[in-house]
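Chain nomenclature is as follows: A, B, C, D and E, assigned in order of appearance, with residue numbering initiated at 1 for each chain independently.
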Amino acid sequence: MRSFLIRLVWRIFSGILMVLAVASLTFFLIRLMPGDPVSAQYNQLIMQGMTPVQAENQVKVMYGFIPDEPVGEQFINYIWGLLHFDFGQSISYEGIGVSHIILTAAPWTLILVFTGLIASFLIGVLAGVISAIKRSSPSGTVLTVSGSLLHGVPQFVMGLLLAYLFTALWPILPFGAPYDSSIDPGFNWPFISSLMSHAVLPVVTYALSSYGGWLLTMKSSVITVLGDDFILASEIRGLKSSTIVGYIAHNAILPLFTLFTLSIGFMFGGSVFIENIFDYPGLGNLLLKSIDTRDYPLMSGAFLLITIAVIVANIITDFLYTFVDPRIRR
Amino acid sequence: GSQSNNSNAKFTTVYYYHPISPGAPKNPYNTTGNSFTSFDKMQLAWSSGLATDLNKFYPGLAKSWSESPDGMKATIELQPKAKWSNGKSVTADDVKTSMAIAFTQGTAQSFSLGSVKVLSNKKIELSQVSGGTYKSFMHDALQQTVVPSFQYGKLLPDDIWSVIDQSLYAGKDKTKAAQAKKAQDQLTKLGKSITKFAPKTDISAGPFILKRLNPGEAYLVKNKYFYAANKVKVNSVSLRNYTGNQQIWNYLIAGQLDATPFTSMPKNILNNALNKKTNEKVTTPTYVAASLAFNQKFDPYGNVNVRKALAYVIDREAVQKVAEPVVGKPAKYTDGITDSAAADWIDSSVRSKMNGYNHDLDKAASILEKEGFKKKDGKWLLPNGKPWTMNIYVVNGFSDWIQGGKVISSQLTDFGIDAKPTIVSSFAQYQADMAAQKYAVGFWLNSLSPNLYTAYARIYGTPDGYNILNGKLTYYDQKDKTKGNWIGLPEKLKLSTGETVNPGELTFKLNQLKPDQQKDAVQKLALATNEYVPMIEIWDYTHVQFVNTSRFNNFPVKDEGLMNNMPGVWMAMGYVAPKASK
Amino acid sequence: MSDTSTVNTESTFKEQQKMAISARNINVVYATPTGDIPAVRNVDIDLPRGSITGIIGESGSGKSTLIMAIMNAVTKPGKITSGSVLLNGENDMLQLSSEKQRKIRGKEIGFVFQAAQNSLNPLRRIGQQILDLGRAHEVHDLRALIKYAKELLIRLGLDADRVLASFQHELSGGMRQRVGIMFSLVLNANIVFLDESTTALDMLSQASVLEIIRELQKEKNLTIAFVSHDIGVIADLSERIEIFYAGEIVEEGKTSEVLASPKHPYTKGLIKAIPKISGDIDAAEPLKGSSPDYRTFKQEGCLFYDRCPIRTDSCRDSRPELNITSGYHKVACFRVDAND
Amino acid sequence: MIEIKNLQKFFQIKAKFSNHKTVHAVRNVNLTISSGGALCLIGESGCGKTTIGRMLCGMERPSSGSIIIDGQDISRLKRGARAKLLQKIQLIHQDPYQALNPTHTIEQMMKATLKKVAKQKKKDVDWIRQRMDELLKLVGLDPETILFKYPHMLSGGQRQRVIIARALTVEPEMLIADEVVSMIDVSLRLGILKLLRYLRERHNISILFITHDIASARYLGNDTELYVVYKGMVIERGRTERVIRRPQHPYTQALLSAMPILKGIEKPGKDRFVITSQFKQSEEETRGCLFADRCPFKQSICDEKQPELIHNDDAYHACFFPKVRQVAAESI
Amino acid sequence: MPIPDTAQPVHAFKPKPYNGVSFWKAAWKSITRKKSRIIGFAIIILFTLMAIFGPYLYSSHLPINTNAIYAPISWKYPLGTDFEGTSNLALIITGARYVLLAAALGALFTVIFGTVMGLIAGYFVGWSDSIIMRITDFFLTIPSFPLLVVLSTVWNFGHPLAMGFILGITSWGGMARAVRSQTLSLRERGFVEAARGLGLSPFYILFREILPNVSSYIGMNLLTSITGCIYAEVGLFFLGVVPFHVNNWGVMLNMAVFSAGAMSSPDALPYLLSPLLALLLLTLGIVLFLDAVDEMFNPRLKEDV
């Protein structure tokens, strides 16, 4: 138990280090950006119909100052701010803290990613077991083929196809907002159903695009376990087949945990596409928008939050893993 | 009986001024603030946006307005019934506070506001700074946002007006000038805190009031204290976040929008939209044109004859057909303003001097040959013998530019100039790079407004090195790379009429002339533009909107000026009624 | 020759009553990309009740396959193509319903795996796995089962409580092997198969495991079949010995008899080739040739033809059958007498 | 000549978040192998035999003590010189299935080292070919048929021969054969043992033979020195035949007793006994005899003091109560 | 005492030439073993040819036809046309070069970085391992696509080389980790130790002993990385976050969705579907072919017949 806690603390500590490393990376990347964010903003305002004088005044109001302190000092301030969860001020969202914006966007991404992840995991793993056990029957083959096909389809292609099918060809599902704003948010059915119907398409895209991976990995994992000696031994000891299936499933699912960690990164990466295609207001969409408007503080904030989410999810997975695999436990 | 039934009808449109974000304050001074023009964000009056009748306004919080003959003063009378959504009356004080805030935002300075005098509870007088010459004073003043003094007043110091007075000092006295500088800084700082101000509740004097919003849409309901509440027949409005044209097309075709704002679209989308019988297309003029612009620093575009030759090469009709088939018209003249506006401004005598640059490859070839270009193996070589290649810069998401760039490239390549479009990932990036003189050839929107100063400033303003600093015209040469002069025309242009003009000065002068006095300058500018071709005008936009009559009818489709405004204005004027549903 | 075979069948019929296992004409074929490998061919084998039978053969000769076939547990791509296995003279293992087979396995027949190191579920504690086993065989008093398991473990020289609470990975190879033996005995099986159960152990462990097996066998009158490629181990432990070569039994009989006077050239060579602790070291001779591989299985004539020092041409064309030479001693060689 | 003096080895077992454990794998081992001589280490699993071998060939660094090859203490040498010297000692791996790279043909394998040697000796390609043939023939393989094969096409015995042939390419003075026959089929073991003996007798290559099967040790020649190792310590040594017939240490006797008896050919020694308790890598150092916890003949002093290796009756043993017991099987 | 020759092979192999079977011959054999592999191989070859020769099949700029905007599928336009009446097929074919070149380079960089890092980390355990693994973890943890998006704002990866490089930089982590763990287990294998004992250089051991043993893994990864890189790259173009030229599959997707309204109008659907089709076909080819790679690199399967 003590070593468990020490491990936890160590993992969290290295997670924080990782976040700081990513933060420094983004900080210096942004300092390398071509074009001055301030003048980009200025031009934007002119495009919106302001006179140069108006735009100049506006820009001054927005920034207050042009950052020309030494880079080292800026960096320290930046990291110091981060430690207080202060990601700076957004440029395109005037006067709003980046942390506020990304925190309002984050729940939507988390909802999508985790529902998608869990749905695809459950279905994929189940289908994987079936396709492994029935691998010589047509149903198993069909499952395997479905897995390989879906596995090959990139997320954005999947998203585009679904969007085309269900918002254009048969416009039966809404998109563009997380729920219908005329409904009172709260724990009531209209709201929840609106929430769900808006999330269906992105979640299904997530789920379909990772389902194949789970299926194929689970299938090969089950096949490996099927070849393990202890399964044969259990049969020869006359264990019930239900018990043996349990043994198989438990053993086969363990190798999927490493994939799980990788998959989390992949899913969060996919948010850039999926939220863009379905206009869903999450972090990925925010990241793209911030890039469109060259809102660098927002961009690094969104990117950092995505990374933090991935790191935290990794730590959690890691610890779940120690619970399901006694070999790791001490 | 059906009234109550219809009252549930929700009017849906897309709000494209700023993104809808739950985090933003309900503050009209915040550029992304959750305050929605014409719905819960009110102005004194709404401009018709018509070049022919620049001073035509629809009443907002102002019931009537008048201007002193010298244009130095504007007297405004407020709607007697105007109230805030908490029941408090809208007063002249509110306007005065709003004007004070306008100083902190830099807007009041831009139309030379000098002082504000409350004449009565509902009457107020605005004056230009002494010595001011701004001709659109009232025009701009009427378009100021009005906020409640009881909410915003406390953000301003008591001595705000004396600070404003100090900041306006423009004389030679050094101490006073220093004081003015300090006052200006104080205003700037105040402005910053005002844009950040987040009122607890949305207080609106408009026809609607914000009820709720999520990252995708804002939901507003009718404001019962609105001065013309009886005229407003729509009970709730859903404003969707604008994320791109494609999204609007999708909504439009699905019949989800009751009013669709202007979007560029390909023909197949138009056809599809019109397949839906209840979608009705409304076309009004606009004052925007798309051009191919040159940075004359780059060889060979510094040579005016080369630019002319290129104008002959480009078949503008073909370009428009591909790039902007629905909301575009091929530009007839390269003169700096749209053809529809030009009709009112350019005399036929001047017009006859202008070159139409009609598609003529032979002419282009002969011009180029005269300039020392040679054609070899079907490819033009620069006079120095090097091959001529061209990157035409366009912006991601601006599909018409991309497609236009593509077609122009094809035409040029066919003609023997290796051209290809290069797509820049964002408009912000594009503008930054353009100003930093990174592109030789790229697309540009010109003639952005019916206001001719604004229109010509798109060419002979910052892009050509002319800036107004403290009310004075300043010119930056192209050699100073940081000042954004990316066109690089000479300061003095000799016209075919023998006259020599400075286009920057002429443009600046437009700012100080009444419309009826502008004609002479406009004609010179148009001729200069035509003869020096700083950019080749490709197409003019037409303002195509859609309204959907399946849920609502009585749209102001006949009133162009009204159509140019947001639907909130229509509703305040008594338009838009829910259809009796069965 | 014909009369011996009739005697043979008659006596087998009678013997079957006393046989714990009596397998006849077992054939197993592995389907591989290089063709079908007849890994076990026409094997008849009897395990008299209460005896220890040793099965010896080189790696790949089909020993494991044979005992798997006896339990009807040959895995893909293997297939039992013919044969019958009578259990205590009655049930044919190869014909029973799979549920009945399952009940017999584990409960009546214990099995210690060749790779006993890996015969435990890595994710469950040993104790839990014993409970799983008990439930599968409808043992009602699980507490007593655990108690008995502990007893066995202590007999096997292990710290029972610790072992029951351990996962497989927490045990050493020798411990796992012992746990495997415990598993085979915990349900009071009378018949136990041990497949190379000591191969991975070092001398001392091997000796102690063998000792324990011997003791338990005596005590519970178990019927044991012990498979190994190490003739020393089998010679030490078993009463009867079956010499296996490339899927066929080439010699069988009482251990001391077979070792003292081997008849088959393979047996002879094998005995000569073992490093011994006694005797003249220079008399030892390595066996010629290489172990049988898939090509050997497909040979027409005598399988040992390639390596045989006393082969004749006829050996290449036809295969000798297993015939009695004296008493229980049977040999499959045309030239049994040639070398004596 | 190769000499080991007072060799010790401690292993730190790293446990990530708890205290490190130290395993005393080799204790004060001294041994000498003359050129062409043979020495056999026996002992049960985990007693440190492999570790001694690995230290000898430089794969593991001794914690203390010295290894002297041809009069040079290798720990005093510079890296390059040491590496060169250590090449004279080649390790033959226990597992012939792992010691060959599955992606290389036998020819590629042989060539890789021969090229190096040829370069040092300034020989040409023909020499390499010739040498390859020579060595393969030496270990009893037919070069023609074997050279182009991949390891998976060979039997265990053939592989072990290839491994030996490859070790011979660098012209070693000593081979360390770590359980080289334990993974090979019984019928083929003798061939390898005889090969080792042949190399030793004809080519003057000394052999360090590591095994837990005493019988195998006999086949290296009757001048083989047998060292019995327990928990990293040599507890008995002497000529093979001598130790088998007249073992003095109970541990040696236990090992000999554990040899299976070939019924019908052999009869068990009259004093044969079996110890059933398991070997445990002790976590704390005992003051007493390392074998005391398992010794059936233990007396109280055995827990108090550690016996030293003493000379007795032309052999050495480390026991307070040495007694010759007849435990080895005998031919009938 | 004579040389003991106990292991005289019984089944004498016919003496064969010393060089054995060439890799390519064996590879060809394993490709032709199954129909699906042949199809996969054919698809890959088709696309490779497209990338190499595609641009030469057409004049340097593709003809436009303003009378055939978004033309339906026909003999003249097998995949329809785009917004200016250019054949989609021509766009796909001429666009293949950039896409495939960048993806191939990306996969190459991924594999090279990943393999070298993994080999070094796995073989020289110790501080170099820790450092490399920390870096690897870092790159593995950062979600690579968002990183690419962010990087796109700093770095103009318009050239396939730059694109490939950046794709490689962001995706070598997984490869390095896998190669490292394989190296770790291989270095415990006897043959590596034996090679060390024989005094072979670390370079030889790393690249001649260990590398061939991970080669089938590398081969498979090269192929899967290609698909991964294509997706990432096309995805970047699709989102429009990198500056681009037209005639690129991702740009086609972008234009089809965001300017041609393919999602809202069936007319432009062929414009959307042609790049999708190309992508899926290529993926299919790679997936089918992947099956053969393992066999190609596995010596075990080379000779046995």
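Operating definition for what follows: a residue touches a chain if its C-beta (ideal position, glycine included) is under 8 Å from a C-beta of that chain, and two chains touch if they have at least 3 such contacts.
All figures in this text were calculated on a predicted structure; none of them were measured in a lab.
Trainee: If you average the Cα atoms per chain, which one ends up farthest from chain D?
Mentor: B
Trainee: Looking at chain pairs A-E and A-B, which one is connected by more C-beta pairs in contact?
Mentor: A-B
Trainee: Report the inter-chain centroid distance for chain B and chain D in whole angstrom, where each centroid is the mean of the CA atoms.
Mentor: Inter-chain centre distance comes to 90 Å.
Trainee: Quick one: chain A and chain D, Cα centre-to-centre, how many Å?
Mentor: 56
Trainee: From the mean C-alpha coordinate of chain A to that of chain B, what's the distance rounded to whole Å?
Mentor: 38
Trainee: Express in whole angstrom the distance between the two chain centres, defined as the mean CA positions of chain D and chain E.
Mentor: Roughly 48 Å separates the two chain centres.
Trainee: Which residue numbers or ranges of chain A touch two or more of the other chains?
Mentor: Those would be 34, 167-168, 291, 294.
Trainee: Where in chain C do residues touch at least two different other chains?
Mentor: Within chain C, the residues that touch at least two other chains are 286-287, 290.
Trainee: Enumerate the residues of chain B that touch no fewer than two other chains.
Mentor: 250, 253, 397, 425-426, 429
Trainee: Would you mind writing out the residues of chain B in touch with chain E in their complex?
Mentor: Checking each residue of chain B against chain E gives 244-246, 249-250, 252-253, 265-269, 271-272, 318, 321-322, 396-397, 399-400, 402-403, 406-407, 409-410, 413-414, 418, 420-426, 429.
Trainee: Which stretch or stretches of chain E touch chain D in the complex?
Mentor: 1, 3-9, 12-13, 15-20, 189-191, 193-200, 204, 208-209, 212-213, 215, 299-300, 302-303
Trainee: For the complex, which residues does chain E have touching chain A?
Mentor: Residues 137-138, 140-147, 149-154, 174, 227, 231, 234-235, 238-239, 241, 253, 257, 262-264, 272, 276, 279-280, 283-284, 287 of chain E touch chain A in their complex.
Trainee: Which of the residues in chain A come into contact with chain E in the complex?
Mentor: Residues in contact with chain E: 18, 21-22, 26, 29-30, 32-34, 148, 152-157, 160-161, 163-164, 167-168, 262, 265-266, 268-270, 272-273, 276, 284, 287-288, 291, 294, 299-300, 302-303, 306-307, 310-311, 314.
Trainee: Sort out for me which residues of chain E touch chain B in the complex.
Mentor: 60-64, 66, 69-70, 83-85, 152-153, 240-246, 251, 254-255, 257-261, 263-265, 267-268
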